[in-house]
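Just below sit the structures, each encoded as structure tokens.
Both complexes below contain chain A, partnered by chain B and then by chain C.
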Partner chain A sequence: MNETDLLHDQAAQARRLVVDMAASEVGCHLGGSLSVLDILVAAYAVARSRPGTEVVLSKGHAAAALYAVLHVNGVIAENPAPLYGRAGSPYTGHPSPKVPGVRFPTGSLGHGLAYAVGWALSRRLLGQPGGAIAVVGDGELQEGLVWEALQVAQAKRIGGLTVVVDCNGGQNDGYVADISPLTDLPARLAAFGFEVSEVDGHDIEKLMMAIVPGDQPKAVLATTVKGKGVPATEGKAASHYVKVSPARAKQWKAAIQS
Partner chain B sequence: MRNAAINELAELARADSRIMLLTADLGFGVLDNFARELPKQFVNVGVAEQAMVGVATGMAEAGLLPYCYSIATFSFLRPFEFIRNGPVAHRLPVTIMGVGAGTDYSFDGMTHYAIEDLAMARSQPGLTIYAPVTDDDARVLVREAGERPGPAYIRLNRQGSPRPSQDIRAEQPQQTDVLVLALGNGQERAHAIAERVHDSGVQTRVLSVLRFDEQTADDLAAHLAQAKVCLTVEDHYQVGGLGSAAADVIATRGIGVRLVKDAIAALPVGRIGSPQFVINKLHRPVDDLAADLVSRLPSVR
Partner chain C sequence: MISAREAYRAELTELAAADPRIVCLEADLGGASHPFRDSIPDRFLNLGIAEASAVDIAVGLASAGLRPFVSTFATFATFRAAESVKLGLGYLGAPVVLVCPYGGVSGAWFGPTHHCLEDLAVVQSLPGLRIAVPAGEAETREVIRTAATGDRPCYVRLARNDVFDIPFTPAGRGEVSWLNPLGGDTCLVSIGEKPTELCAAATKQRPELGHAHLCWVDAESLAEVLPQLTGVRRLVVVEEHRAAGSVAATLALMLPLQEVRGVNAGTDWPSEGGSHDETLAALGLTVSAVLQAV
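Showing the complex of A and B:
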């Protein structure tokens, strides 16, 4: 299996695990987990070949995708899906540093990008290689802190930093375009000194090319679909938080293509 | 409980067009009816809690009566400085509604636990704090917050307690061996402990503290003076919450009662789970507490 096939296979495996977590006692943020999943697969593939590069999932409510991708990457040895939501398990609805591979607690939106900027700046200050890949939601960009962190990145000319925006168009109470639209987003990010690219957020190869950190901070606007990969949930606002029966989960998993 | 609170607010808002309900994008399923029925009195500012409180401050200054709704960590903790410099400093009628008091959002992890909100809120002069126990309490207190001038913080749970609360302000002080004071959803645990204590033949009384305002110290003093031992039960850190409020009163007024605090001492990180699992992990076992209380009575029976 070549690397591309391997990554597609990883994504399909991880999607099935996310569906398993939606079938847990507590359900999961399925829509946003499936929209961000290919971004995480690509981000970890990039980070693997660049020592000292940290991936920070700032949209912490997509924890199910993070646990699944960390597992298929071998970072979480045990299968987290059967433990998700179980009493006494570290696999909570938002990730904490008790989970292998997670350094920063996220779940309060907007925090992760600042952590990533701090990490990337520290690598430079410590004279060590590496940087950070921060994954944020599009709705999350409504948080002022995101823009403060972008400002710090610009002011400190932080290289080795990529911000990937999971542009799935949804947020908790509806659509980003209705609630607080992100007008001229590419131009806004460019004005903060970021090299901006726009890619299909489900094309892992293109994502990898776009994500590789450079000397200048990068922003990747990844267009995605909520619930991607499970036809019954694709593009549906109701896929934001899903608890599904085991029987239906089985059907959904069977429909996932690698 | 959150639905009861929002339904009550909707009723107030129908009669008073100055009432505005703001959310930072966490109203799905809870605020939908309000937004549909009263669209001119509803604003979703997006995922922007600090802006929500800033906007509410501007609205209040302009003569409106804004209510800010989100999960408690996001509506109260995150924009705290905005609450302090806006509604508190200028005595403006802004009401912050925080859902998920304590570890209510158990499975969501510590980013969603409001376990220091009372400590922060109690520090603010003129900020009235409401801590309903039941759905009925929530209705009454939302109405009360609306009638009172100045800023308020209402800490809500997702579900109200099924057992009616005994409000410390409404109940007459009575002599008792062990007085158990509960905050919010701590009431159920308070009753479980009190029952164990009662089993040892010791007289107990369980009351809830529903309001923290300028009268609360007097409320506490009147009841504490009638007890030999007091236990405070709260799903909150042990510093700054109900236990601290009782300790302040005991020390500053020289009341001869021993205080035991049932509160959260450690960081709530790591292995967690259902609400009950989290409570059990973060608090002392009920039997231990009951035995401790009995052993502290001046003369063990």
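Showing the complex of A and C:
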């Protein structure tokens, strides 16, 4: 199997694990986990080949996707799905730093980007290679802290930083476009000194090319579909948080293609 | 002799010359002239007016093995950046040191937007943080050295620019500095510069009162000084803070068999001009209030 096939296979395996987590007693943020999943697969593939590169999932409510991708990458040895949300397990609904591979506690939106700025800055101060890939949600861009961190990144010329925006168009209460639209986002990010690109957020190869951190900070607007990969949930705002029966989960998993 | 704020800058600059892990972060309140920037510009970053980002970025740096010190006013660190402090220094336990002037009402005529009589309540509620309220140059320098060489997140509360000139032996972690020996059954406990001045003035009038000065006031550090306070029937804790979340409140829970009284800043929002002393007087934090509480 070549690397591309391997990554597609990883994504399919991880999607099935996310559905398993939606079938847990507590359910999970299914829609946003499936939209961001290919971004995470690509980000960890990039990080693997570039020592000192940290991936920070700032939209921490997609923890199910993070745990699944870390598992298929071998970072989390055990299968996290049967343990998700359970007493005695570290697999909380938002990423816990007790989980292998998770460095920062995210979930309260906006912080992950600032942590990533700090990590990228540490490379410069320590004279070490690497950088940071922050994965944020489009709804998350409504947080003031995001723009504060972008301002600092621009002012201090923080290189080695890529911000990937999971543009799935949804948020907790409905559609981003209805609640607080992101007017002219590419121009706004470019005005902060970021090299902006727009890619299909489910094209792993294109994502990998776009998100490799460089000397200039990068912003990658990744167009995604909420609930991607499970036809019953694709594009539906109601897929934001889902608890599904084991029988339906089985059907959904069978429909996932690599 | 220099102010605690200047002592912080000077001490950190000296420490950083020998410790390449130390990074000095400011949020536009470090002044146009800063010895760290002059000596080690590569590890000095004024991040601008962005306190929450500054704390999060410091968490990122600390996670990479650096030892970041972040300085901004007490109210901005503990309220504007409260969630960053909770998650990064509390939950994650990243060894970031917050050094925060303008504690209490040292900002005086600047008004309540620049006062902070509630900071200790915020940081005391976050398990894992070490909290210090040093008085004067020597104690501030010792706190900064302790923070820099340790591996714990710390909150250090300072005042504004006044020079504190009462000579005493700095209280290290787990230590009491006795400014006046215990002559009776009542001991004043001072936290910070102005309360230490008030207690020193009170013991001049009532020499039988003990005066124990504490610097490290997180619950863990307080637990270590308790053996030195056993046998005192009545403790009168004097501090520039609200009653809620005060050191007195923490000690009262720890010492159920001893009488703990608090002399504090009360419940007003002091919104008139005046000096630091005048603002404290308006809040009722005076020598007579200390003597009355005895």
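To be clear about the criterion, the second predicted complex is superposed on the first by the 258 of 258 C-alpha atoms of A that agree within 3 Å, B and C clash if a C-alpha of one lies under 4 Å from a C-alpha of the other, contacts with A are read in each partner's own complex, and residues count from 1 in each chain.
Basically, a residue touches a chain if its C-beta (ideal position, glycine included) is under 8 Å from a C-beta of that chain, and two chains touch if they have at least 3 such contacts.
Because the structure is a prediction, the values reported are computed rather than measured.
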After the superposition on A, what does A:P51 contact: first (chain B), second (chain C), both or neither? neither
First (chain B), second (chain C), both or neither: which does A:K156 touch? second
Which partner chains sit in contact with A:V26 here, chain B, chain C, both or neither? Use first/second/both/neither. first
Chain A residues touched by each partner, larger count belonging to chain B or chain C: B
Can A:E148 be said to touch chain B (first), chain C (second), both, or neither? second
Applying the touch criterion given at the start, work out whether A:G127 contacts chain B, chain C, both or neither, answering first, second, both or neither. neither
First (chain B), second (chain C), both or neither touched by A:G74: neither
Just checking: does A:P105 make contact with chain B only, chain C only, both, or neither of them? Give me first, second, both or neither. both
After lining up the shared chain so the two structures overlap, which partner does A:V117 touch, if you call chain B first and chain C second: first, second, both or neither? second
Touching both chain B and chain C, residues of chain A: 97, 105, 108
Across the complex, what residues on chain C touch chain A? 23, 42-43, 45, 47-48, 50, 52-54, 56-61, 63-66, 83-84, 87-88, 91-92
Under the definition above, what is the set of chain A residues touching chain B in their complex? 26, 60, 85-90, 92-98, 105-110, 139-140, 142-144, 171-174, 179-180, 240
Chain A-facing residues of chain B, complex: 23, 25-28, 31, 44-48, 50-51, 73-74, 78, 105, 107-112, 269-274, 277
Residue ranges of chain A touching chain C (in the complex, touch as defined): 97, 103-105, 108, 111, 114-123, 125-126, 132, 145, 148-149, 151-152, 155-156
